[in-house]
Structure formats: structure tokens, C-alpha cells
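Below you'll find the structures, each written out as C-alpha cells.
Note that chain A is present in both complexes that follow, paired respectively with chain B and with chain C.
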Partner chain A sequence: MKKGIGILVLLVLGYQSVYFEKLSTRTQQASGVQDFGKRVEAILVQGVLNNPVLTEDQQLIKELNNNLTNTQKKLGNRLGIGESAYYLVKGKARISSIRDGYVLLDNGSGLDTQFIFGNEVRDASRMIHLEDFKSQKDLNALTEALNKHLRETKIPAEMKGIQVGDEISYVGACEVAPSDLPVTSLTIYPVEIKH
Partner chain B sequence: MKYIFLFLGLFLAGCSSKESTEKPKIAVVISTLNNPWFVVLGESAVQQAEKLGYEAKLFDSQNNPAVESDHFENLISSGFDAILFNPTDADGSIANILKAKEAGIPVFCMDREVNSNDAATSQILSDNYTGCVAIGVEFVKQLHGKGNYVEILGLAGDNNTYARSNGFHTVVDKFKGLKLLGQQNGDFDRNKAMEVMESMMQANPSIQGVFCGNDAMALGAFQAIQSAGKSEQIKVFGFDGADEVVQKIKEGKIVATGMQYPKVMAKTAATFAVEFFKGRKSFPQHIPVGVNLVNAKTAKHF
Partner chain C sequence: MISNSLLKKSQSLIALFLLMVVLSVVSDKFLTTGNLWNVLRQISVNLCLSIGMTLVILTAGIDLSVGAILGLSGAICAGLLKFGLAFPALDLWVGFTVLGATLAAILVGTSLGFFNGWVITRFSVPPFVATLSMLTIARGLSFLYTQGQPISDLGTDFEQIGAAWLLGVPVPVWISACLILVFVVITNRTSLGRFIYAIGGNEKAALVSGIPIKQVKWLVYALSGAMAAIGGVLVTSRLNSAQPNAGMNYELDSIAAIVIGGTSLSGGQGSIKGTIIGAILIGVLNNGLVLLNVSPFWQQVVKGLVILLAVIVDKMNQKSN
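After this line comes the complex of A and B, so read on.
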């Protein structure tokens, strides 16, 4: 009887002393990967595509050259401290060339579909606030989740079948610093490409 | 009896008068003053605090957590009212911050992050990750997405070392044509990086690029590469924005670096301390300070 109770106690203690978790969950946590799916969607839909500060690219260039400080306040955004700001832009143009993922447009600007790695879309969307993040690591993880979705899924799908000479409409984000003045063209990190 | 009350009254009035007229004192505690970059950070913080009308004193932790701990003990007992802090250790320094917090002294971290979300009042940090994302993009473009490379990391266990390497690899690892042949710590030290680069070149004669976690190491690596007669073959990338490296970028000897702004971090930390004295109690836990890419095209602006 005593032996039976002892075994039972050992079994209960043994069960309570370990915690079972799916290996995939553990791997995800260890690599710092979090599920930002809903947040990414909100940034793209509310923060970019339906954002009232979305400006025609030629209009933005005009305003930047006219008064950078006012344009930064009115249309730009940036998390933290820095001299440049990020802007939301939209436009329509014909494709002059496509080389190494860089789509050159006939208005002089270009869509960089290959190097969507920076803070352009995140900051221009105005959807992210520093107070929401306890560590830089979490903020960087969200940035990469957003960029990865655009770079590896959304933009490649939208670029399918698009060729030199096509007329496209686009929405995206760009960075402008005081040293870029006078601005003659923009490098845009795309969020949406349609033709 | 009335003289006793008069004396007590004068004594108490004197005490309260001293408290209300004495300006708060700010301590600036820096991990090491052996490195010119940290000297700029520390001296700028003192200057900013003084410019804002406060007494400030600089402390050197000599990269030694024990010395740092002694500084905290002393400055808490000496009545400092705020600490602008560049920690020696991401984990080890947390206990010191908590001691200050317990004594009601706000701590504003500069440049180096501690692994706690609620110890420091705020952490004002270079955006190392994004800065090195930009370096990574430049690296891929300069090597046309293919070739062999090595990496010289900073200090093991240091958050900036991790953030820089992580930002760089976020980009570079996506390009399968780029092959990492070796990764070693150079401890942010020029001489050590030179030795590391020498041994990595001996082991791998086909290196075409090297990413270094700071500019001191980039200069050490460049020295080794130049001595080996491989400066045409191996492209060097650094991080910090040191004058010597910016000059070498202009001369076409080093490809790129990330420009950090220690004076901006120091100014922000000092301003936050003053705002705290004036009643502000809520600060973002992390404030990233932008890092600019310096390459052949942009070097003229720096």
C-alpha cells in the first residue's frame, strides 16, 4: 500500500515538475519570431492604403522642395530621433526598366522591390508607437515581419506579369533627408502595385 | 526657552531654504573613457547638463562592473539627483540601476541597452539594427550579391554587438550567393581586429568582404588587408562614423560605415533628466536615434 502511494506521489510530482510545449512553439520563441500577422495587416490597410496623408509623388516632391520643415510636420513621420522623415506616396507611371528588382519609372522615380528591409513603411504608416514596445528587439521583429511580407509575398505576387512599358499605379513609402534637397525623384518601397 | 524656539526655527528655515535653492546634481557614468567615442558621449552629456544650468560630474567605470557599482554607491550617498548612464554590462548593470531607482534617482541609459524593460527611466540608443540593415544593403550591392565574406564581431554578450550583427544578417543572409567563411570577436579593439583579420585571411585566401561591428575594428582589419596587399580584393565595412573611417571612405579605401550620433544621445538624456526634475514622469522605455549610411556617395555630407 505504502509503495503504491509512494509511486503515485512520485508520478504526480514528476508530472507537475515538467511542462510540455510544442517544439514548433519553442523554436519560434527561441528565434524571436512572433506572430505579427494582424498587426502587419492593420499597418498596410489602415496605416498605408487608407491613410489620408497618402500624397501623389509629384505633389510630395514639390512640397518637399518648397518647404521641407513644414512638409515633414504635415506629411512625414519618424519613430525616435533623426533628421530624415518617412512619407507615404502614390502615383501612376509607365515602367522604363526593371533591373535587379528596381523598377525605374518614366517620371524619374523608382520602386525598390528587392531591398524592402528598412523602416520606411513602418514609420510612414504612423501606426506604430515606441511606447507600445518594451524592447528594441520586439520593434525590430515587427519591422522585419512587415518587410518580409511585402518583400517575399505581396509585392512578388503583384509584380507577376508586369513588364517594361506597362503603365502601373503604386502606393508605397520613401525616406527624405535634408541632404536630399533638391529632391528630383524618389526611391519608393512599394506596398501595392497594380496594372 | 524662546531662544531655543528661535534657534530651531532658524535652523529649520535654513534647511528648507538650502533644499529649495540647491540645484539638482547630475552624474554621468560612462563604461570607459579609454575609447574616444565614449569620451565624446560622456563629455557631451556633462556639457549639455551644464548648459541647461545643472552641476554635472563625469565618472569612468573603466569597463569594470565592480568600479561601476562603487560609483553608484558613492553617487547615491553623495546626493546626486539623476544619472546619465552608459552601462558596462547589459545584465550586470541592472542591479546598479535598481539601487538608484530605489533611492528615487532616475537613470537614463545612453547608447548601451540593459536587458530590463522597467529598470531605467528611459534608454536612448543608437538604432544599431536599422543602421546595420543599411550597411547590409550596401554590402549586397557592392558585392553584387555573391562572394565570400567574414565578420568581426564586437564583444560577446554585448547588446550592440548582437543588434548590429543581426541587422546586417537580416539582409545579407537572404542572398544565397554570399557565403560567410568566418565570424570572430574583435572586442571592438583595433589591434585585436587586425590579428583576427590576419588569421582569417590565412585560413581563407578568397575573402572578398569583411563586416566589422565598429570602426576601430574596421581600421584594424583594413591595416591587416593592406599589409597583405589585398586592399583591391577585400571590401571593408564598419560602423560608428569615426573621422578616420569617413576620410578613408572618401579616399576609396573603406566602402561604408554607419554614422552614430553620441552628442544627440547625450543631449536627449540630459534634457530628459531636466524634464524629470521639472515634473515629467513618463518617458518611452526606448528612444532609437537614427544612424546614417556613409558611403562614397554620401561621405561629402559628413
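After this line comes the complex of A and C, so read on.
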């Protein structure tokens, strides 16, 4: 009798304690691949390519050297950490050289097409707010999804067939700190490259 | 003579009363309802640890691993709630409800406590050394399990355990009150309670009397581990987050509460009631020091001096007895 009651209690406790799902379904949901895909697309289209603060790179250099504080306020995005600000730039130039994925342009600036890591694109887009994320881990995951899409899919596809001497148009993000003044060139993390 | 004996028995209660009088005079915030509930809510975790460890100390043992077991149990509870368990070979994911994660945490705490008891009795390892080893093991496991990162956002249902009120009283206070009741009954009304006092009083005599010393010690250390795990669930729920270093040095507050409450470190003498008063005294002391803006470094010094004083009084009482 006692054993029976004990087993019954254990069964009820077990039933109330755990639930089961297919791991494959769960992993798909948990990774949030679709959500990230949508958010990455939104950042690139609304946050970068159609962003009204997108500025010609040579114009940005001029404005930064003229008045850094005003330019930071008008064209840059600062997160309140550190003194750097992030900018969205576009331009047209001829390729002088390509080395280790770094595309040097004849206007002195360069596109880093291989090492697209960090926060430049994310923060310049102004689409990301820290308070939207439950944890730092989620924010990092989205940042990496964005960078990975550019680094491994979009930019390699757009770079296909492009050679030294070609004229290209580009859109991207860059970081400028007060210590970089006077600015003579920019290192741009590309979001779009057109031949 | 009667009044002298009563005075000795009530030392910690008198100390608590005096401390409360002093604090209510020097701080206008101390005697507010909000602050007193806050003190009770804060001490509920220490109470869990202390009443569990009281049984251990009554057997003339000690459990230094309660803080680390608290941390590990809390982390496991949070991990199971948030991530569940995955079995890739079976394409199976097991999710845990609040009840399931809590029970799993208590099971982990109980197992580690039982292991402490088994090592102590099987290999005659001094409890200090065995539980010190467990402290390091459990802390390491906690860091391994969490990868050194907090596990946060455990859901509002789980948060209710540490944050909700029931009939005007915080839920953690209800939980610790129920546990106190259980442990008072164990120590005063059961043969296990009598065995514990007998082992602590004179282990050889207890052995000759046919008391199953090993089994009693296994149970006592397992109960201490279980109480540490309940403390872990309370802390994790209150913060809605499991910190890998949660419970660091909690064993010291726990030992302090027990010693101040009049339980002898040599075993065989003491009570759960004394431990409750000790825990409240430590909680009030902590609260008072914060209200008086005393530097955290000085707080440690003061707490250390209070423990030292309690041990000296305990020794003097033993001599006079």
C-alpha cells in the first residue's frame, strides 16, 4: 500500500516536472534563424542602404576635419561608450590593389571585405537598441549573424569578377575616433559593392 | 541559580533584543515595517543553510560546502529551467517546469550532502576536510556548468518563489518557517533527533547503545545539502538569475548563526530555536551596519568579532558547566 502511494506520488511529481519535445524542432526554434534573417535584412535595407544619413565618403572626411563634434551629432551614431562614432558612407572609386581581402581604392580609403567583424555596421545602422535585448548574448548573436551574412554570403558574391583597376560603387560603415584626426582615409566595412 | 541558568540560555535572545534597541535608536529606518520584512526575507536563505547545518554541528561535525552547494544547485535549477536537457542521439529535448527544476536542484544538493556523509564515515575523513573538498568541487562544477556566465531571465513563475507575498508575508519567509517547523519536530520529537544529540554528545557511547551512526550521519549531511539547495533556489529566484559564484562565504554566516545561537561546535548541545535567533541576529547586524553606512570592510571585522565573542561565551559556559 505504502509502495503504491509512493509510486503514485512520484508519477504525479514527474508528470508535473518535465515535458518533452523533439530536439530538432526545438533547436530550430531556439536558434531563431528566421528572426535573425529578418532582422539582418531590415538592418541592411532600412538601416544602411536607405538611411538618409548615408554620406559620400570624401564629404564625410571633409566634415570630420572641419568640425568633429557637429559631424558626430549630424551624421554619426555614438553608443555612449568610448569616444568613437560610427558612420554610414557611400562612394565611387577605382580599385588600386586587393590584398588579403583589403580593397585599396584610388581615393585612399579601403574596403575590408574579409574581416567583417565588430560593431561598425550594426551601430552605424542605428537600428539596434541595447534595451531591446534580454541579454548581451542575444545582442552578440545578432551582431554575428549580421557580420557573417556580409562576410560569408553577400560581399563574396558581389566581389566575384571584380579586379584591380575596376571602378566600383560601394556602401558601408566606418568608425572614426577623435584620435584619428585629421582624417585622410577611411577603412570601410562594406554592405554593398557594385561593379 | 535558576535565574543564572535562564540568563545563560537566553544570552543570544538578550543580545538580539539589545541590538534591536540600539539600532532603533540610532537609525529611524530600522523599525519600519518594510525594513523588518526585508530583514526576514534576507535571512530566509541563511536560515535554510543554518538549520540544516545545525544538525551536522550537533553531531560534532561541520559542513563547509553549503555555500558552494547552494551555488551549484541554483545554477542547475536555472540551467534546467532555461535550457532543459538535450539528448541528441534520441532527438529528444526534456524541458523542466519550475517544480521539476526545483526538485532536480534539491536532488543534486541532497546527493552532494550524502556524498559528504559517506566520505566522512567510510574513510574516517575529518568533516572539515571532506566538506572543504566538496566546497571546491561544487564551486568548480558550478563554474563549469555555467561556463562562468550568469543564467538569467528564468520567467515570472520562478521569480514568484523569491519575490511574491502570501497573506501579507514574503514567500521565502513562509518557506523557511515551514522548514523550521519540520526541523524542530525532527530534533525534538523523533528518534533521529535523539540519535543526533547522542552522537554529538558521545559518539562511542552512542555506538555501544546501538545507534546506527553511519546512517544517521549520511542522513544529516544529506539534509544539510538539501537545505543548501533550497537556499540556492531561493537566491536564484530572488535575483531571477543564477550567478556562478552565488553563495560564496555563506557557510561563514551560517556557522556564525549557529554558534551565536548557542549550539556547541563540540556537538551534542544546541537547538534549532537558538539557530533561528542567531540567524536573525546576524541578519539584523548586517542590516544595521548597512543602515548606518558602515564600510563593507568594517562590516566583516564587526561580524568576525561577534562570532569570536559568541565562541568565547560558549567556551566559558562549557567550563562553568
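Keep in mind that, in the parts below, the second predicted complex is superposed on the first by the 159 of 195 C-alpha atoms of A that agree within 3 Å, B and C clash if a C-alpha of one lies under 4 Å from a C-alpha of the other, contacts with A are read in each partner's own complex, and residues count from 1 in each chain.
Definition applied: a residue touches a chain if its C-beta (ideal position, glycine included) is under 8 Å from a C-beta of that chain, and two chains touch if they have at least 3 such contacts.
Since the structure is predicted, the reported quantities are computational estimates derived from the model, not experimental observations.
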| item | value |
| --- | --- |
| Which of chain B and chain C A:102 touches, first, second, both or neither | neither |
| Of chain B and chain C, the chain that contacts the larger number of chain A residues | B |
| Common ground on chain A, meaning residues reached by chain C in one complex and by chain B in the other | 134-135, 137 |
| Touching residues (chain side chain A, partner chain B) in the complex | 78-84, 115, 117-119, 130-131, 133-137, 139-140, 143-144, 177, 179 |
| Residues of chain A defined as touching chain C within the complex | 13, 16-24, 26-27, 134-135, 137 |
| Parts of chain C lying in touch with chain A, wherever the complex brings them together | 84, 86-88, 90-97, 99-100, 103-104, 149, 152-153 |
| Interfacial residue positions of chain B with respect to chain A in the complex | 113, 117, 124-125, 127, 129-130, 133-134, 136-137, 140, 163, 166-167, 170-171, 264, 268, 284-290, 292, 298, 301 |
